[in-house]
Every structure is written in structure tokens, then in C-alpha cells.
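Think of it as A, B, C and D in the order they're written, each chain with its own count starting at 1.
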Amino acid sequence: MSHNTFGHLFRVTTWGESHGPALGCVVDGCPPGLRFKLEDIQVWLDKRKPGQSRFVTQRREDDLVKVLSGVMLDEDGETMIATGTPISMLIENTDQRSKDYGEIARRYRPGHADYTYDVKYGIRDYRGGGRSSARETAARVAAGGIARLVVPGVTVRGALVQIGKHKINRANWDWAQVDQNPFFSPDPEMVPVWEEYLDGIRKAGSSIGAVVEVVAEGVPAGLGAPIYGKLDQDIASLLMSINAVKGVEIGDGFASAELTGEENADAMRMGNDGNRIFLSNHAGGILGGISTGEPVIARFAIKPTSSILTERQSIDADGNNVDVRTKGRHDPCVGIRAVPIGEAMVACAIADHYLRDRGQTGRLK
Amino acid sequence: MSHNTFGHLFRVTTWGESHGPALGCVVDGCPPGLRFKLEDIQVWLDKRKPGQSRFVTQRREDDLVKVLSGVMLDEDGETMIATGTPISMLIENTDQRSKDYGEIARRYRPGHADYTYDVKYGIRDYRGGGRSSARETAARVAAGGIARLVVPGVTVRGALVQIGKHKINRANWDWAQVDQNPFFSPDPEMVPVWEEYLDGIRKAGSSIGAVVEVVAEGVPAGLGAPIYGKLDQDIASLLMSINAVKGVEIGDGFASAELTGEENADAMRMGNDGNRIFLSNHAGGILGGISTGEPVIARFAIKPTSSILTERQSIDADGNNVDVRTKGRHDPCVGIRAVPIGEAMVACAIADHYLRDRGQTGRLK
Amino acid sequence: MSHNTFGHLFRVTTWGESHGPALGCVVDGCPPGLRFKLEDIQVWLDKRKPGQSRFVTQRREDDLVKVLSGVMLDEDGETMIATGTPISMLIENTDQRSKDYGEIARRYRPGHADYTYDVKYGIRDYRGGGRSSARETAARVAAGGIARLVVPGVTVRGALVQIGKHKINRANWDWAQVDQNPFFSPDPEMVPVWEEYLDGIRKAGSSIGAVVEVVAEGVPAGLGAPIYGKLDQDIASLLMSINAVKGVEIGDGFASAELTGEENADAMRMGNDGNRIFLSNHAGGILGGISTGEPVIARFAIKPTSSILTERQSIDADGNNVDVRTKGRHDPCVGIRAVPIGEAMVACAIADHYLRDRGQTGRLK
Amino acid sequence: MSHNTFGHLFRVTTWGESHGPALGCVVDGCPPGLRFKLEDIQVWLDKRKPGQSRFVTQRREDDLVKVLSGVMLDEDGETMIATGTPISMLIENTDQRSKDYGEIARRYRPGHADYTYDVKYGIRDYRGGGRSSARETAARVAAGGIARLVVPGVTVRGALVQIGKHKINRANWDWAQVDQNPFFSPDPEMVPVWEEYLDGIRKAGSSIGAVVEVVAEGVPAGLGAPIYGKLDQDIASLLMSINAVKGVEIGDGFASAELTGEENADAMRMGNDGNRIFLSNHAGGILGGISTGEPVIARFAIKPTSSILTERQSIDADGNNVDVRTKGRHDPCVGIRAVPIGEAMVACAIADHYLRDRGQTGRLK
């Protein structure tokens, strides 16, 4: 993985800035014959879309995706059939307010990538964070929309499991609840708690971190290329590439440090149907970098949005001490919208490894 | 990163199994003119070497590294000068006891990669775990020995910060202590606690997880290639590729989830010497995927060794239920020896990004 | 290089079919701070554009390029400054006549990729050849427009040196002539010969092959990464990736087979100005895969356009014998328009190797 | 492809210099379950081995290959079974005469890579050409030995078709003759001609160029990944990476430039057995970058060995004009030993594309 492309046989290249005319991606390696409708992709962009509740940024973007290549239309004039050639997707930026950013053109917002981009590139598109803006993740979500369809029978779902110190009660986990609240919470009892807590954060012009969990079910056993193309490694890499992510776990993750060998090693048995069964899943569906057939479980921590209304000490490009206060529209908890992004990344990693195993066209011969 | 190679301009390919004649690596992209002695690499292999205390595996390996290519000897007959061509290094396996493994040739040890390798490859070198053995990490450590020398002024150091529930007291952190105890503990007060605790684990034939922290100081600002070649992403990828690692953090990591924007965003000021100063380092030295010039801080969680003396339920390759007990020599806490391995991975990631910035030969023209 | 992306640090991804809404490319790795105007890219697209003389296809495409990302506008509102982030470029398809292609939807045109795409993908965009159409090369030429600017002082120029059996007289070579005739011939005396010859070919509904020569001057010595990233290797790879190319040469190429060691090895001398001088350039500017500082010289052979009016024996997708005659608009000698395409490929290879040597941002620090 | 690794799913990394202790390669991606004996690889090394006739270098190397990893021994104690993990192979250098090279340590031999390596790396292993020596190709041939076994039913054979101006008569082509003469000539009538001609060259201390042709039969249709991973592109890339190669052709190659569309486009018909048949093979088995099922045909031109006894004008590392005469043992026509090397490269490209299509393990599930 390097620069703006990831993946080996299912390759995704993204491009675009927060305040340019458009952003997009090229998905290279979609198996030929794959059928989908525009809405199969749009549905995930809608899930990530800003402005859907008071807990996320009020920027208004329709985020309508266009498919420019790589498909033929079926006779219904609606179903697209992938031809195996690169699928270029484009999303226009419509609600850009560049004037909001004028005053921070030369000031480094603490916690943002302003300073590091300037050091590296010597030039920086300061409007809305430019390339380092979370808007780039719309392109990931579009790519993920296709990735989700590549492996037959795989379902990738995510949920928010922690905001600040408030963690969900895992005993209450109900996937059906996730889309019923603005937080993607699987625990309905946590919703009012988060609501009140985040209202406080939002009104204070502050922000808070969060943890997202992604679960992929139906992943066939055998995916992953040890030693340096392990499935968990590629998932960790892609999750860590999401803006503001500071930690990644697979299965029991950091809790593994407190387990004994007896507690940790998932026992196996032959099931009545002749299938192999794991009696637990501390491993999060991956052993030795290769999928076990159990659900693949990943979690990631998102730091609080760095754009806050409180003044913070900083410097400017000319070497002056300044105090920076970030106006404009922002997410009080950027972790919320990270749920569909995390799903997309896990889906892409799984699709890529599936094709590495099955061949680039995914067509058995 | 794919299969058995990682890195972009500083590329490392490793090969070898636990019980073959040898293992090794090819380091491709070492800057020409780099000077080192064999002991500059050997010192790290010695640090990782088994059999150095009762808390690690009693397998005896000298782990003497040979350099087969890519260097010319200086007039002192000892100093090697890299020529810019691939450096092939080889480490012989000397203490192999294949008979220890005979009875698990067809049995899947819970928590190990036995089952997944069989599913994927249909064949498996069962002797000592074959390719999935932690012996592969000797090759990483050798490569890391060179990587450490690539970036002038960079120091990469690691320490063990947690065994089971026992965490060090960070107020006691003293780098000078790390090499004074068999645990690489930076907190001398924790040493007797861990000693007693691990003795119990060891005598019970059990094992326990751990957490390692790696700190790289002197990393120049500007390293990292957003969006999909972020420095933290590549560090996460390489740390997650180490056997038994289940979680990775950068900077505050999962603790970021509990921070507000005010607490998290590291403020900046101009220093008296005209340098830019960060007033804190929650970010762990990386913003937007690019190094800030502050110390790069990474942590990773290692699950307990899966080889334990207690019988565990499992199955065999023929689909029978069996009970598996892993005899042979093993680490009660594999996390201890993971310290130099984690250092090596961080050093390799930094070297790679340094060369991406400076050019493959690292020679300014 | 794989699928639809090429390059290592200067990476180009192209997408798009002959008859989709648009085609384009993403140029990843353009050095930040590079300044250019849209016309600096458009000028090369204009050179490649169809419909400019009776000797090329009469398809009418404006081939106007748009830049969607990766740049900021300078104060003149016209000059673009690269920010180091991916540059997405888009070219709309305007003159598509899909009905021309209806009858060959299931018939394999001899010499075309119809059959092989069907075998590989099981589905094929038959309209205008879909992805295998030479229209894809417009995206390469756009990318090449940027590549030409990456290395200071490098000039990449191409010329047509052979059509059918008619070869130019190298003694007449005059670069100033190349843009003065519809064939990019450097030999003005060859123009009337080719004119008459190609008129005959065109009127017969036939086609003919050609040879293009590309010369890059000002290439600094030292570019190229042996053993498997040699500069000549990457140039050969990219030239061979152009539609219809069947052979590639560097320097004396196949004529080297007839030379003795004395004739072939370019002697060196110190020049009066203290520079190193090669007394000849049989090597075509590359020794051991690394540039010498002499002009890099590459040639490639293009087979005749496979679309011809004469009926040819073939089969269809259902396994029937059929006779195929390709109607529609085609190039009697596709080699003519291959000149700017070959230039673009050589420019991209040089830019990529320059950045490998200088670092991804090309910014010395 | 970059630095010292090539291939995508069948990846080969080579290392080693002419005068180091050993050279070798790591073959990553060999399908698990592949069975072979050491002699299946050794046979090709023997074919490439120096010192087998008076027409090749008199350096004596046994070139015995060792396999260090990636296989398990079958019960016969001889048959190796690939496990899917990297296969490391090592060949010792035994007949090194470094003193032969002392006087050219700082002199640039015309036609060699001495000057360019010095410019690029600032340091150079001058002993026998170091890394730029053709000895590196022994590692390629070993890798090719495995590659040949990857695709069931594929046969890759090469022959020398031209030395100097003396070309074989294709009407006399007889594969059975190739191993019956020291030139790998398929035309027995050419053998005495070449013998006499090369004796003259050799006695004069001179050298001469050559052309090699490689034919791969049994290649399944559908291999190749357009647009930038075309099968012909990857073959061209690998052939051009061989030392001294200056030109590459597929199928009719440069002769295509003189063909009309009618002559060039290979017609198709349904065969009596229901198979698709090409009535000719001008394309050399590849259309649109994808294999047709016809024999894949590639040719490459090798320049004359640059090491000659005649004095040539040159310079040294200190900027002095010098006259260089290359003593030591050399091939009067390095093209002869290039035959098995070219075969190996074509075999590797085909194996790689086969696995891209079938999946990294080549195991259909």
C-alpha cells in the first residue's frame, strides 16, 4: 500500500480534496460479471453522509455517486454488470464554503495535519483540510460498496461501542438497533446517555473520541497471506489509515494481554453436521494471519475531532505564536460517521484477499 | 505489502521455517555507503535470542547472522560498506528437535495457525510451527539492525509495559533499566512482581499475554505518505504482522476515545531557539499520517503463547475430536522477546519512509 | 506494474472505455510545487487527437482535459500548483457512435482483443473495443503531460521513422520538421512518399504497420534501479503496454546482434569542460539499466490496425464460423498517433525513476 | 517490478554478486503441493553453466543449487513438496579470481555498467562486475526451474537464431537439434558456420551479438492483465532486464511494421473438435495483452560482450583519460548462455499470470 492506492488484486485509488470540484475513486479488480445497482453503493454513502443529525457536521452534501466506467448496463437499463475493467466513481462537492477557512490558511490547527503537510509538501490546500479532510472517506465508502458484493455470503456490519467513557453494555447488543439511532449504537439503553452527553459536548464547542467495532460474518476460512500480507495486518493497516484513528484491535485485542493461554486459545470440535466448530472466538476470526471461518472482529479508536471552538496555542507558517480557534461546521464526535467507513475498509480487505485466493477475475475455470 | 516482502523503497523479504536448515532475509534498498559491522546486527539478534532466562523458551540457538551479499569489506577487514545492492542475511537453525512435534503433525493446536495453514495450503510444515513459528522474527530483527542505521540520529527503543494485569508505573520509567532485567522492564519496581508472577505461570505450564511499547526518537518531521501509506498505518501493519499480536496503538491509542478535543490536540509554540515545539505528544509523533518530529510512540498487545501444557479440546486433520497438549520448549510470555522485534518493525517503517522522502539511494545530489 | 496502474513513485492509474461517458487518469506522486497550466497538458492531447488529417481516424473528439484534484490555482487564476496529492484528470467522450458496433457484439474481429477479453472476463464491452480501444491512450498522454515537467531540463520527443517498408533517411533527420507534416516525420523527403503510399492503403480499406522512435535528452545520469527496475526495462514495459505494439528497442536494439564488442561499446573521454563524454551512444543512454547522461533512445514497432474493410475469417461467441468486416472509422496507420503516446510513456518512466532517486516529493531537504 | 524483486503473485527476489560467497533467490508464491526434485531445477542451471564449450566463458562453477526453505521432503527423501511458503535457493560461488579485476577497480570498462553504478551508488563492487555480472542470472534460472512446473502442460523452450549477421534458416527448425550443439541452434546447418565464425571472434579477443527466440506452448488462453499488466508487457520487461539485452519482440515483432492489416490479423475458425483455432500466429500468442492459447513467441537481441581484449578509450573514477583492456575469462558471444535465461524469464511471467488468474495458491476451492 502506498500513496493513494491500496489493495493487491482488489485495488482502490482515491483522489480529491474537501473543497475541489469533486472527489472519487478507481476500483480496479472488480470481478467481471458482478451485478449491482447504483443504489447498492449509494446506500452506504447515505449512511456516511453529513448533516443527518445534530451530532454530526452540518455540512450539506448529497454525496451522489456516479459510475463512469467499468460496467455495462443490463437490459433493465439500471443493473450494472462489471466488465473486469476499472470502475471509476465520482462524487461532486456541492456545499463548499471556502471563506470559512481563510483565516487559518497559514495557521496550524492543533491536532490537524496542517503542520505536517506543510513540512512535507511545502504547500497545502488549507480549505477544509484539503486532502486530509474526512471527505476523502466518501470515496472509500463507495469502493466498499463494491467490495461488499465481491465475496458471496459475507456481511460486514459496524457499530459504535464507546463515546468518551461511556461504553455500551455488550449484553444488550442487538444489530437491529444499529440503524434505529443516530449513533449506530447496538445497545438501545446507551442512546439516551450518549444523546445527553454529546449535546453537552456539542454546545461547549468541544469534541470527544469514540470506539467502533466491525464484524464480518461469512468470511471463508483460508483468506490471508502470511507473513506480510496477513488478513489482520491488512485490516489494521486500512483501519489505521482512516483519519483520526489511533488504535486497532483484532478479536480480544489489548484484553489479550491479560489472558492466560488456557483462556485465550479457542478450542475446536467437530460439529454434528461434520463441520469444524470453534467453541469461542477470542482470535477474532484470524489465526496466523489467515481467516478461520469464524466472524472477523475488528475495533478501532478514533480521537476527538481536532476542530474545536476553544482557542488553542499554536504557531503559523511564518513562525509566530498564535491562538487558533476552529470555526466552521464540524462533527462533535467524528467516530459516529466512522462506522460505515470502518465497514468499507474491512470489506475491501476481505475482497482483496478473496481474489488473491480465487484469482483476479474470481472466475473458476 | 504482500506475501513475504514488506516495504516500498526499503524492502525486506524473509524466508525460512522453524525446523529447516536456515532462515534469513534479503534487505533491498539499503543506502549505498552505509557502514556497519556484523556486531551492529548481531547485538539485536542476541537481544531476541531464546534461552537467555527461565522466562523464555529453552530452545538453544546461537542465531549467528551471516552477510552473503550487498557489501564490500573496508580495509580493516571488518567494516562492511553497503553497495546499494541487496543484502542477503542467513541464520542457521541448529537446535531443532523435530521429534518433539511428531504427535501434533495432524492435530490442530488451539490458538496456533495449524488449522488455518491446512485450510489454505492443504499442506503444512508442522515441525515447530514451520513458517508460522516466531523463529521467522529473527530475520526481521536482522533486517531491523540495518534499518536502524539508515536514518541519521534516529534511536528506536522498546520496553515491556504490561504482563497480564500487571502494568508498569510510568512514573518510574527509566530507559537505563530496560537492559538490566530479563523482561525489558523500564520500571525496576515491577521486576520482582513479574518474576514471581511469571514463575507461577511457567510452573503451571501456562502462559500469559503482554504489552510492548516502542519509542522512536529523532525521527525527522515530514515522513509518511498519505492517504494509504501513512507512517502510522505502516507501523500498525508491521506490528500486526508479528506473531500473536492482537492490537496496535499510536500515541494515546484507545485512551484517545476518552479524551476531549481540548485534551487531545497537542498545542504548539515557537521555541527560544527558533524551532517549532509541541507542548504535548498525545498524537504519538504522527499527524495526518506524517511525522511531526516528536517521538513516534507505538504499543502492541501480544496474546499468551498458545503452546501450553494443559490439555485443550481440538480436532485433527481427519475430522476427529482430540485433546491436545503441547509439549516441547515454549515461552511462558512470548511478549518479552517481542520487544526487539517490535523495535525492528518500527525501525524498518521509518527507514522506508525516510528513503521514500530522500530517494532510494538516500544520496542527495 | 499491474492491472491499470503503473509506476512506483510517479504512479498513473487510467480508467475508461471507448464508448463510456468519459475516461481519465489519476496521477499520484506529482512533486508538490510543480506549476503548470491546463494548456501544458492539452497541447499533447491535441497532438494525439483523432481527425486531424485524412491519415487518421475521422472520429471527432475534442479531448479537452479537466483537472479535478491535486492542485491549487495561483493568483493568476490559471496557473495550477501541484500540492503533492493525486491529480485526477477527466476527458469526456463526445463522439460515440455505438450503433456502428452492434453487429460485431458477438463476433471476434481478427487481430483485436475481442476473443481474449471474452475468454478472460466472460463479458466484454464491444462498443469501440471498450477498454482495449486506443482511446485509453488519451489518459496516458494527459499523465505524460505532467511527467514531462517533473525532471528539470528533460525534453522528450518522438518521430515516425517507418511506415510499411518505407523508412526515413536518418541523414535527413530534422526535429523541426516533425510538427510540419501529418506523419510526425523528421525527414521531409519521406512525407510525399508516405502520403501517396498511405492514400493507397486508406482507399483500399486496409492498414499498415509503423515504427516510432522516442528520444529523451537531458536525462541525468544515475536513473534506474537494477536488477528488476532498470530504466530500459520500465521503458520497454510501458511501450509494450501500448495497444498494437509488438517490439521495443533501446539504442541500437536488434542491430546490436550484428555488432562486435569493439563496435558496440561506447568509448569515453574527459571533455575540455571537465565533464565525462561518451564518444558514441550505441547503448541508447542506458548501461546496466542505469542512465548514462546521454540521450535515451527507444523505438517501438506498431502492427497494422486490425480494423480493416476486407472480410476476414473468424468465429463468433457462439462457436460459429463467420466472416468479419470492420466498418466504422479507423486509422489506416495507427502508428502515426502513437508518437505522442510513446513520448508520454518514456516521460513517465523517466519521471518515476527521477523521483525514486530524489524522493517522492522531489524536495531536497 | 522494482529493485531486485519481480512478479505479482509469483514473486522472485534475487541477490548476490559475481565474487561474493554465494548468490541466490527467494521464490515467493509457489503453489502448495507442487512436487519436484532438486534435479528438476539443477538441469536448467547446468544448461546455463559456464565452461561447457570453448564458445563460452572458461570460469568454472558447479552452480549446484540448494533449497533452504519452503518445502517438505516426501517419504522417498528426495521429492520436495512445496508448502506455499517462500522457497529460498542458494548457489555458492566457487571459482572467483578477484585478482583478475584489480586493475579495473577504478577504470570504467566501456559498454559495462561500471560508470553508471558509480554515478548512482558512489561505490561499486568492481570484482567481476559485482551485481551487474551475468552471474546474477543463475538465480533467475533457478527460479525459472520452479516456474516451469507451475502451469500444467506448459513447455518453454528457447533457441539461438542469430549470431552476428548469420541467421538460421527457419525452414530447418528442429527442436530436437537444440541440445545437440553448443549454440542451442535449432538449425543443424548453421552449427558449422557459427563454429567457424565464433572461433575467429574468440581468437581475436573480440565478441559478437546474437538473437534468442523463446516459445511457450500450452499456455492457456486468458492470461494477462490489461492495461498495465499485459502478458507481453511483463515478458518484455523481464527479457529487457537480462544483462546486455537491447531489444524485445513478440510474435512478428518489428516485422509487423511492414505488414498490412490483412496479412497481420490472425484469422480464426472452429476446429473439427469444437475448439477455436487460429489459422496463423503473427500475434505471437497474445492479443490485447491476453494470451490466445496459441504458442507465446518472444525474441530478444543481446549486444556483444563488452569485455574484449582490444584496448578502448575510457576514463577512470578520478577523471583521467585511460585505455582499458579487459582481461579475465569472458563469453565471446554471451547470447549463447542467454537461451536458458530467456526461457526462465518467460516461464516466470507465465507462472505469475497463471496464479493471478487462478489465485495465489493455485488451489481451486
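The rule we apply is simple: a contact is a pair of C-beta atoms (placed from the backbone, for glycine too) under 8 Å apart; a residue touches a chain by one contact, two chains touch by 3 or more.
These numbers were taken from a predicted model, which means no experiment stands behind them.
Chemist: Centre-to-centre on C-alpha atoms, which chain is most distant from subunit B?
Modeler: When every chain centre is compared against subunit B, the largest gap points to C.
Chemist: Could you figure out which pair among C-D, A-D or A-B mirrors the B-C interface, over half of its contact pairs being identical by residue number?
Modeler: That interface is repeated by A-D.
Chemist: As a quick test, compute the distance in whole Å between the mean CA positions of subunit A and subunit B.
Modeler: 27
Chemist: From the mean C-alpha coordinate of subunit B to that of subunit D, what's the distance rounded to whole Å?
Modeler: The mean C-alpha positions of subunit B and subunit D differ by 38 Å.
Chemist: Please work out the Cα centroid separation of subunit A and subunit D, and write it as a whole number of Å.
Modeler: Roughly 45 Å, centre to centre.
Chemist: Hunt down the residues of subunit C that sit against at least two other chains at once, touch-wise.
Modeler: Residues 2-5, 8, 14, 85, 120, 131, 222, 225-226, 357, 360-361.
Chemist: Any idea which subunit D residues touch subunit B in the complex?
Modeler: Of all residues in subunit D, those touching subunit B are 2-5, 11, 13-17, 20-24, 26, 28-29, 32-33, 68-70, 72, 81-88, 90, 120-125, 130-131, 360-361, 363.
Chemist: In the complex formed with subunit A, which residues of subunit B make contact?
Modeler: 1-6, 8, 14, 108-113, 115-117, 119-120, 131-132, 136, 162-165, 201, 206-211, 221-230, 232-234, 236-238, 240-241, 243, 246-270, 274, 276, 279, 282-284, 286-293, 301-308, 310, 312-315, 319-321, 335, 357
Chemist: Which residues of subunit C touch subunit B once you look at their complex with the stated criterion?
Modeler: Contact set of subunit C toward subunit B: 8-9, 85, 220, 222, 225-226, 355-361, 364-365.
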